[in-house]
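Scrolling down, you'll hit the structures one after another.
What follows is a pair of complexes built around chain A, which joins chain B in one and chain C in the other.
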Partner chain A sequence: MDNNTLVGLAGILASAAPVVFAAIGETITERAGITNLSINGLILLTAMAGFATSVTTGSLLLGFLVGAVIGALVSLIVAFSSIALKQSQVAVGFVLALMCRDLSYFLGNPFMGASGPRVPPLPIPGLSDIPVLGVLFFRQDILVYASFLLIAVAYIFVYKTRPGLMLQGIGEQPATAYVRGANVNRLRYLYTIIGGALVGIAGPMYSLSVKVGWKGTITGLDGIGWIALAITIFGGWNPLRAAFGAYLFVLLQWLGLVLQPSLPNIPSQVLQVAPFPLMILTLLLVNIGNSEWVDRTLAGLPEELRRFIARVLRAMRTTPPAALGIPFDNE
Partner chain B sequence: MLNKTSPVYKFGFQILAIVGALIFTTVVMLLAKAPPLEAYRLIVIGSVGSVGKISDVIVAWIPLLLATSGLLLTFAAGLWNIGIEGQITLGAIFTTLALRLLQDSALSPALIIIIGFLSGILGGMIWASLTGLLKIYGGVNEIFGGLGLNFVATALTIWLIFGPWKRPGVGSMSGTVPFDNLLWLPQVEGLRMSWWSLGIGLIGIVVVFLILQGTYFGLRLKAVGKNGRAAFIIGIPTGKYMMSAFFICGAFAGLAGATQVLAVYHRLIPSISSGYGFLGLMVAMLINYQALWAAPVALFFAALNIGSIQLPIVLKLDSTLSGVLQGALVLFVLMMDGVRRRLTAKKVN
Partner chain C sequence: MNVELVHIHKSFGAVHANNDISLSIKSGVIQGILGENGAGKSTLMKVLSGFIQADTGQILLDGKAVRIHTPSDAIKHGIGMLHQDPLDFPPMKIVDNMLIGHEGGLFPNRRQVSNSLTELQSQFGFNLDPEAYVDSLTVGERQQLEILRLLWLGARVLILDEPTTGISASQKEKLFETLKKLAEQGMVIIFVSHKLEDVEGLCHKIAVFRQGCLVGETVPPYNTDSLVELMFGKVVSLDEKTQLEGSEPVVEITNLSIDDNRIQIRGVNLTINCGEVIGLAGMEGSGQRQFLRTLAGLIRSVGGELRLSGKRMTGKPYHSFQTAGISYVPASRLEEGLIPGLSVTEHFILSEDQSGFFIDREKAVTICRDRIKTFNIKGEPVTRVEALSGGNQQRALLAMLRTPLRLLLLEHPTRGLDIESSIWIWSQLKDRCKQKTCIVFISADLEEVLHYSDRILVFYNGKVSQPLDAAATTVDQLGQLIGGKGF
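For the complex of A and B:
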């Protein structure tokens, strides 16, 4: 592998870090049974607010803190409207997605094109000199290390700890979890806020590291949140698989950029949206196994072929937490 | 003491919600160190300050009303047709295509315009059917199928503008070559609005109102939306009804796109849908999916959009302030509705 490719791949790991944060944040929220549809606007708003904070105060840490707090607060609105006010999660989330986007453009106007701080790279002494792996994994900045850590922690938390099992419980069978002593709605608040804070960190990860600065509508972040929501489904609500989806998405984007010079007839805007049809296709692949007509069609096929297709579909298929989007009433 | 289920009580909460949204937007402006009263004044003058402005509001109202009308049907079927932006865009692309193919033919301009409208309707229906097929046969949630197709529609527009349909010389963000005056929907002398498109918009919402209030189709559609499984069990083919809702909404969206080309821009531009699809979703939520209120609330939202154009010019503020206010209105109305229901439920207990 030549050095250019290696640097490119290292760049993919770095650009995917915010997507990993957003997708895992949403995964945790949805595991608890709440769909937070606001995250596309949330990423824009926190990117702007984090950047503005860091420009004004000179502190990177404050920028991320502000991002996390805004993420938590906006997500709290989703949780509160859904749990306490019994309003549609989709409706409230969608309105917040649009409103946060407009807020970011309106409030970010004075910071357009301002020069601000950037998170410095942090090579790990010793490890960064390992051939190949050093360039890939150990010459990144602290955010990329944090994204690796988040994948591991989220995976272990969801599948290997008691609170993680409870988290699965309140998303799958809230009534059972309630009987076993879980305060379902309080936990749903908690995980929506934690998930929202993680999404809120993804914004400043862009504006202070991956795509430094704030440029309003041409910042190019509009759409990332919707992709992160799709990755959550693609990931089957499993943090590990969600992270894989995030890397896959950024790899495809990078390929689009690399292929650009050899396809001069296709405007760059078209290659930029290439991930979206692929997103639909992957959602189709992970969902189609759930359809009844597929079973019926398969039944007519020769046994060998039927088994093969059924196995492939089952391997890809994902099913959402059973109580996703359904309010829980403990009476 | 007021009766807690009375319309007056409900109305009071809606007023509270509107006040809340105005306070929120004012605070946002103070954060941006902007003069709120001056900004509100500019929005009012910019939307109803002259006959020209009022006509501009009506120009924005029509596609928004058409989008809202279509969405009332998908909402009735319990569907979130976020893909409506792409459906409007495809309507505009199909209309442009028809006009480009026929503009040098011997057909009369009136006939070409009619074919343009029909073609736009077809474009919107095709794009909506993709979301519908993905949802009903592929199990892909209509929100994500629709969103993906929105981005694809935008890319398609940009590819056409910079590729096959580019202006002589080099393609530009200002769009394709404008069509001949003869292919414009007749406008009111000296104004940008057209009685024809106004008529289309008003007929549209009346048709939707009648479908929802006075037909078995509308009744069954609502049954599918309220409880799909129960509707299926009593013999309503839910898949077919959902697909019909997508088709009709796509037709309305395509009509909105056709209007944008035939009556407003007279060419294809990159952001031809102008965000009216998403705004239509907001209007539908704000009116709690009641067709009766679609026209006035859409008119108000259109006025906010047009009025806020003054903000960047005079106050150097971003015109997305109108979006903030619209979003705040919907959010506060939804939340106050929840608060009211909570209070009413407590009283009953």
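For the complex of A and C:
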């Protein structure tokens, strides 16, 4: 593999980091049974606010902190209106998505094109010199390392820990979770806020690292949040698969750019749009075990083989948390 | 552990759901709680299991007064409740389902859990794979899982709410065996049911509830008639079978074959005469549902022929089946039968033939009031259907059927209903028969199948028995066939 390709792939890991944060944040929120549709606007708003904070104060850390706090607060609105006021999560989230986006353009005007700080690369001594892997994984900045860590921590938390099992429980059968001793609504607040904070970090990750600066409507971040929502769904509410989806999406985008010069006959627009349908196709394949005709086809196979395939499909299969979007009331 | 409930009162608004209930249950006793729907038995169990708090009154465990604030409090006191619809997590593995709510460190030890599960299982002869997913289990197995989980958490008192609804006869036998074993070990079993034969067959002691009061306690030998009288405050008796005269064939099924996912049914031949009742028996998932839905026109048969009064119906759309006078009443009342969120009146607007674009509300309300009266539905025209009790939902469904009907198909027509409602429902159905409607119904209740059917078809794994004459068949014979013997 030549060096250019390696650097390109390393770039994919870096540009996917914010998508990983957003998709995993949303995954955690939805696992608890709340759909936070505001994240597209949220990423824009926190990108602007994080950048503005860092430009004003000179502190990168403060920029990320502000992003996380705004993410948590906006998500709190979604949680509060859903849990306490019993309002539609879709309507509230959608309006917040539009509002946050316009707010970011409006409030971000003074910082348009300002030059601000940027998160420095942080090669890990020793590891960064390993051939191939060093370039890929260990010459990144701290945010990329954080995204790797987040994938592992989120996966282990959801599937391997007691509170993680309860998180699955409250999104799946809140009434049962209540009988098993969970304070369902308090936990839902908690996970919506945590998920929102993670999404809120994704914004500054763009404006302080991946696409440094704030350029208003041409910043090019509008739409990332919707992609992250789609990745959450196709990722089957599994942090590992959500991360896979994030990398796949950025990889396809990158391929579109790289292949363009060598495929002059194909209009450039096709290559730009191609990632989207390709993404849907891939993720549909992953979830193929959900469809009934697969069951029927399998029925004709010999016992042993059928059992094996059924097991594999079952492991790949995903279903949304059964109580996603449904408010809970004891009794 | 000895359980005492002392002077429990609980009101919901104007309804006095528990009126001065005192009940004492000694360790090792299987206590039956009998009463029709709404008699207050569930309320009392909710008080004992921490779902709701009593207005006044005390709960004593081994003589000590305790306060139970939540269901998880209850299990800490050793009180476990098995709910009518299993409260578990269907898409999860059995071990994970066990772990949720179990206290301990951040990282649970799954191996240890599945070992203790296996150990517990061996005591009762259950056979659940800890790595299996909960939604791959039958209702009966999920019940077994929940019992094991509660025992694992240290339950000394087990409350079972209508546990025999929706499980097979053999699972019921196993459940009863398990409960007897647990009682021998000194546990308290509280068995809540409206099914007389279950309570009589299992319990050491029966408390009967009516309208929020405990109206009597009895010990064996039980007298069914006096229990029924206690439950309803009056004597209720089963109808006698009506004999039909004449035999004009209405439905002719020849060589019918059905393919549906894993169930294959081949070559069914049956002629149903006018006014006849056919009962379909078998373990859940043996093909009887597919057969019924094929008769309804919801599933298209892959072979053979279905004729209604000589007219070929095979392959016609569902709508043609309806207009030909075939009606289907599904088991899941709120999912397939009624539309939650709409009022009773609105349901009649939808089910009656309409003319004109706008709804004639006044006319609809008049029809609705009329039907509510004739069908004895406890509810108002504006009541939403999901707020009706199960029995009243079933009455509403029957009230919406068209007249005249040629063929009426019913799935579990009396599941979850008390005796009085069941008898009433069947008297309505029998009236339909007198008007020359044929009835085909599925039921898991063998007594019901034997009592009300003229002929019975038994299903076993897609195989269909020859029609049996109900009058010449015993419960035992039926049970054998259902278990697959004699095909």
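Heads up, the rule we're going with is that the second predicted complex is superposed on the first by the 275 of 331 C-alpha atoms of A that agree within 3 Å, B and C clash if a C-alpha of one lies under 4 Å from a C-alpha of the other, contacts with A are read in each partner's own complex, and residues count from 1 in each chain.
The definition used in the following text is that a residue touches a chain if its C-beta (ideal position, glycine included) is under 8 Å from a C-beta of that chain, and two chains touch if they have at least 3 such contacts.
All figures in this text were calculated on a predicted structure; none of them were measured in a lab.
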**OP:** For A:Thr319, decide between first (touching chain B), second (touching chain C), both and neither.
**Re:** second
**OP:** Check whether A:Val95 is in contact with chain B, with chain C, with both or with neither, and answer first, second, both or neither.
**Re:** first
**OP:** For A:Ala114, decide between first (touching chain B), second (touching chain C), both and neither.
**Re:** neither
Original post:
If you stack the two complexes on chain A, which partner ends up touching A:Gln173: first (chain B), second (chain C), both, or neither?
Top reply: second
**OP:** Name the contact category of A:Leu165: first (chain B only), second (chain C only), both, or neither.
**Re:** second
Subject >> If touched residues of chain A are counted for chain B and for chain C, the larger one >> reply: B
Subject >> Which of chain B and chain C A:Ile280 touches, first, second, both or neither >> reply: first
**OP:** Provide the residue numbers of chain C that touch chain A in the complex, in ascending order.
**Re:** 51-52, 70-72, 81, 83, 87-92, 96, 99-108, 133, 261-262
**OP:** Could you please specify the touching residues of chain A with respect to chain B in the complex?
**Re:** 37, 77, 81, 84-88, 90-92, 94-96, 98-99, 101-103, 105-107, 109-110, 216, 223, 226, 229-230, 233, 265-267, 269-270, 272-273, 276-277, 279-280, 283-284, 287-288, 290-291, 293
Subject >> Residues on chain A engaged by chain C in the complex (per definition of touch) >> reply: 160-163, 165-166, 168-169, 172-173, 175-182, 292, 295-296, 299, 314, 319, 322, 330-331
Original post:
Along chain B, where are the residues that touch chain A in the complex?
Top reply: 28, 31-32, 80, 82, 134, 137-141, 143-145, 147-149, 151-152, 154-155, 158-159, 162-163, 278, 281-282, 285, 316-318, 320-321, 323-324, 326-328, 330-331, 334-335, 337-339, 341-342
